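Shared between the two complexes below is chain A, which has chain B as its partner in the first and chain C in the second.
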Partner chain A sequence: MNAHPVVTGLGVVAPNGLGLEEYWAATLEGRSAIGRITRFDPSDYPSRLAGEIGAFSAREHLPSRLLPQTDRMTQLALVSADWSLQDAGIDPGELPDYAAGVITAGHSGGFEFGQNELKALWSKGGRYVSAYQSFAWFYAVNSGQISIRHGLRGPSSVVISDQAGGLDALAQARRQVRKGTSLVVAGAVDASICSWGWVAQLASGRLATGDDVERAYLPFDSDARGHVPGEGGALLVVEDAEHARARGAGKVYGQLAGHAATMDPRPGSGRAPGIERAIEGALRDAGVSPAEVDVVFADAAAIPELDRAEAEAITKTFGPHAVPVTAPKTMTGRLYSGAAPLDVAAALLSIRDGVIPPTIGTSRADRYDIDLVVGTPRPAPVRTALVLARGHGGFNSALVVRAVGR
Partner chain B sequence: MSATSLFTLDDLRRILLEAAGAEEGVDLSGDIIDTDFTALGYESLALLETGGRIEREYGIALDDSALTDAVTPRSLIEIVNAQLSAAPSA
Partner chain C sequence: MSPTDGRRVVITGVGVTAPGGIGAKNFWQLLTDGRTATRRISFFDPSPFRSQIAAEADFDPEASGLSPQEIRRMDRAAQFAVVTAREAVADSGLDFAGLDPHRVGVTIGSAVGATTGLDQEYRAVSDGGRLDLVDHAYAVPHLYNFLVPSSFTTEVAWAVGAEGPGTVVSTGCTSGLDAVGYATDLIRDGVADVVVAGASDAPISPITVACFDAIKATTPRNDDPEHASRPFDASRTGFVLGEGAAVFVLEELESARRRGAHIYAEVAGYATRSNAFHMTGLRPDGAEMAEAIRVALDEARIAPEGIDYINAHGSGTKQNDRHETAAFKRSLGDHAYRTPVSSIKSMVGHSLGAIGSIEVAASVLAMEHGVVPPTANLHNPDPECDLDYVPLTARDWRTDAVLSVGSGFGGFQSAVVLARPDRSSR
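Coming up: the complex of A and B.
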């Protein structure tokens, strides 16, 4: 129980790749999925670009019983969980009861499902609202549906801290495994590219406007002016290291070695943002020195003051231009809770393949003293990676993943 | 109302599929009329949604207890048909 929990399965549903290897190949090629929204007519909105998952047909992957009761984000999450368990070589039916749980993060719940039911309510009346609206919109629904589908009745929950939640869910899975749960399906998938969801996102004031696909989402660029949202994410099998060894797990991608979460101080307090404390805390928890970190996957907000806070925190911890920094989410848009688990998957594949995926589109502004990996992937031995995520309202989270053994 | 407009097993099959899909390994087109809904893979929420769709389509109101009392397609069909024949014709 002393060893760090390990990741033995990865299930990825990303705008630029459905499935782990498809995503990874696209990411190393720098292939972006950001484009004009097709899921609804965005003409009348100031922001019209998104990272959509194009070719996904839920009925090809899921039983018909689940379709009328699930939002798109849940359908994507269920498929991601299936793939993660398959990748891990886990047959959930063979696990003892309560040995495995599900911990996801959620940003907005099942928005599109709720939008359709609200439409039915207003246009036709209450008798036309689906009985499944009772849970299909709910933040915890992905955890619940994955749990039911696979009979995973161990510790299960949902974490809500916007984009930081994707890491916080993995940290909660790590805690539960350390307390004795054999494995947890953990991570997040979000998808709310529908007109109602869009209006809610616009309210943040952080969405990039306009139609220029190449220049819309530019973290750490002097032209940074907001982000492009996307849909998708990743679910991981987080497993007790001894359990993985005993069953002869085929793949051990790496270990969840350290985590910390902080809150920003009250606006106007004059105190420093919390991201640096999160980084320090995660490194301390992992027992890792800054010099041992081979790559940082940035939160990459593309809001100038947030980019500055992140770049300064990295520079203070590691020194100027001392560690490669990357943001492959420039190819997918920000996936809210789904973003960080996808970054963790990318970090683990960086460890596997010895290559750092690129940030695309951005030209690093001179004022940021970070070694941003731009344009093309950079071959490099990677044993330790730091993944950062921040959520609207002051959430900061940092997770250290490390190669196992050798 | 003529007898042909009454609620049949085929009507129920169609509405069940729309409302809640079909459980893997269950053949809804088979001889299911006396099979418990739970054995067909439908829990209370699936039946609530099914009942709502029947109400909308046929312009009737089912008691809440109707859906909990009807444990098989036959009993639900009987309840719906009793409502339909009791309904005043337009």
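Coming up: the complex of A and C.
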């Protein structure tokens, strides 16, 4: 088995920052992007808040021929992939055949594109459906389009495990690199803030209601009552460590050191949820003891029973108040499959800069025995971070990232 | 990792839900009879559409053992997945209740997830496309399960009692091969000992028919539905949409042997590559599929000459059938001319993400029975498709190693090598 694959490039498209440094500056300042939905009129829905990416113009970044054939999600993903490869200093044209792939997590596909075509079908007729619908909506679209744009012909894939999928995609990238692929563009970008996507999300029963942007998404708070969705995510360049060294990679953000994924038992079984096993498995896979972990990026569901399960799993593994826990996604909303890769980017920047970004909004977390970093960033040397993600339907995923070197 | 220096993975249970007959036994009978299950679409009035043909499964969810609440909360494709997983588990003879659920994973492939459910629900909440701001008061309570197809894996996990790693693999029309490959890696890497793996799709719905009409990928041969799917034939005019599922029990070889399991085949090699060329187009040389085949053979430590049968993608589009014929020649050399190649899509249609797993099922059953299924409707081969495509009738043929391939939108090209675990290495 090769050394742990490393992350050499980060491409971020987040509601509170387009681009890596913009996102990180906003996150350390505690700047939230959660607001009333502008992409459609949300007045008649019980939930009206989201973390939208405001200032994104696809035509500034992408060739015009790509625009009519892509959903917003794919446009954001293509830009994120461009930035990730640039950040890594990779010119894909210089790589050998089959040396690089693309592995993304999917969630709901190009749902807004799909809504428009469904409208054409049912209001006008089948012959008004776009020739692009066959591939603009389906879940594999982001991997396919990124692969084409950069000529990446190595192993590519798409995994879906609701909001846990973003970590599973990174784990699969790690597996492919260990099997011999030089690098994989991996992670996830999601966007389905359209009325049809909104109605489908409402059915989860997990969306926060009301209009108070300050008190809407409050993980671990005694007032926790659901989450605010967002759009965006991150794509990472996951690279073979030796390949990165040999090409003189300018940046090595850290290693993908360990991963584990579990599923919760069937409801009503009386068995324990799977999040603690995912944490234990990822630490074991990384060869890391709980005491070596410097920060936990929490899934932060903001549903009381899910918050409790996560807090208890953290407390059981690390001890009460023994490790800083944070949820910067309180500033972006939950980005579905994009959330966890963005958290991994934040964790790698915590390692780089020696600072833990804050959780905002949450003010009363004292019902759980966790050390939640609230309000302002906390300077701390970070060498090892644990990122957690869970999905609707019982998916749990945990990833350990570590600083490279001593 | 190759089979001789690590954990090896075998198929010990098979379930199939396919057009023309529910269950693996009926499926195999259809294939060996060379019968076709393609017909005029009956699920809705297809007359406004260019292509009006599909291979529909005569599937009754209640008769298949699903409870009323399971039926209510699951899209048709999820129902296929659960019913087919239960068949595979029963076939494996493995006592799942006695397993550590933490060591059991689930990997389900699907190209378009709950698209049929989403199509129907959209129609209701938009009042037939009239409303831009769709009305949540008309949505089914389990609509989120349709939104995100990982619900399929959740349902299968609940049905079989799995609490290990779970995911859906969604790589378009190679999903069913890629799900098997993904699950194989989970066992090889030691994160699971058993994985319930396969794929399911139920795409026969107006939106799917319309989107393939728009690019003329499906055949307009509406006057002759039974003979409309014509892979490798000079008169082929596109694929016929299908639906269904195949699910397997994958196990680590040594533990399967210890319990005396019936072993269908080893998943000996798997690889996927991308053409990075076009979302729906293929380059004629088949280079990326050939590379996937080469890597899968290498992983299996099987020489090209060791392949006894190729289960082709054979969708029946002009470009696909030439593309993969070129890929077989490129990867297997002269041996491609000596190897039977067939496309079961001629009989059960193209069920998008499900078909890769359904074709893996056909491949292991071919090994099991010593019979190669035919390519139906093949009377006049395309001159550029000059291999032995087993036209019209099944052939008695001993098979120790099968190559099954897939090609799909997004540029994905995948290859799986299935072989007898007691074969001698190259």
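Keep in mind that, in the parts below, the second predicted complex is superposed on the first by the 404 of 406 C-alpha atoms of A that agree within 3 Å, B and C clash if a C-alpha of one lies under 4 Å from a C-alpha of the other, contacts with A are read in each partner's own complex, and residues count from 1 in each chain.
Here, a residue touches a chain if its C-beta (ideal position, glycine included) is under 8 Å from a C-beta of that chain, and two chains touch if they have at least 3 such contacts.
These numbers come from a predicted model, not from an experiment.
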Legend entry - Which partner reaches more residues of chain A (counting touched residues only), chain B or chain C: C
Inset, instruction - Name the contact category of A:Ser147: first (chain B only), second (chain C only), both, or neither. - result: second
Legend entry - Partner chain in contact with A:Arg127 - chain B first, chain C second, else both or neither: both
Inset, instruction - Please indicate which partner A:Pro68 is in contact with in the superposed arrangement: first for chain B, second for chain C, both, or neither. - result: first
Inset, instruction - Could you tell me which stretches of chain A are touched by chain B in one complex and by chain C in the other? - result: 69, 127, 130-131, 134
Legend entry - chain A - residues contacting chain B, complex: 63-69, 127-128, 130-132, 134
Legend entry - Residues of chain C defined as touching chain A within the complex: 1, 48-49, 101-102, 106, 111-113, 118-119, 122-123, 125-126, 128-130, 132-136, 139-151, 153-154, 157-158, 161-172, 175, 178, 182, 185, 189, 191, 206-207, 209-215, 217, 271-280, 288, 291, 408-412
Legend entry - chain B residues touching chain A - in the complex, by the definition given at the top: 17-24, 41, 45-46, 48-49, 52, 55-56
Inset, instruction - Write out the stretch or stretches of chain A touching chain C in their complex. - result: 40-41, 44-46, 69, 97-98, 101-102, 106-109, 111, 114-115, 117-127, 129-131, 133-135, 138-141, 143-145, 147-148, 150-162, 165, 168, 172, 175, 179, 192, 195-204, 260-266, 271, 274, 277, 281, 391-395
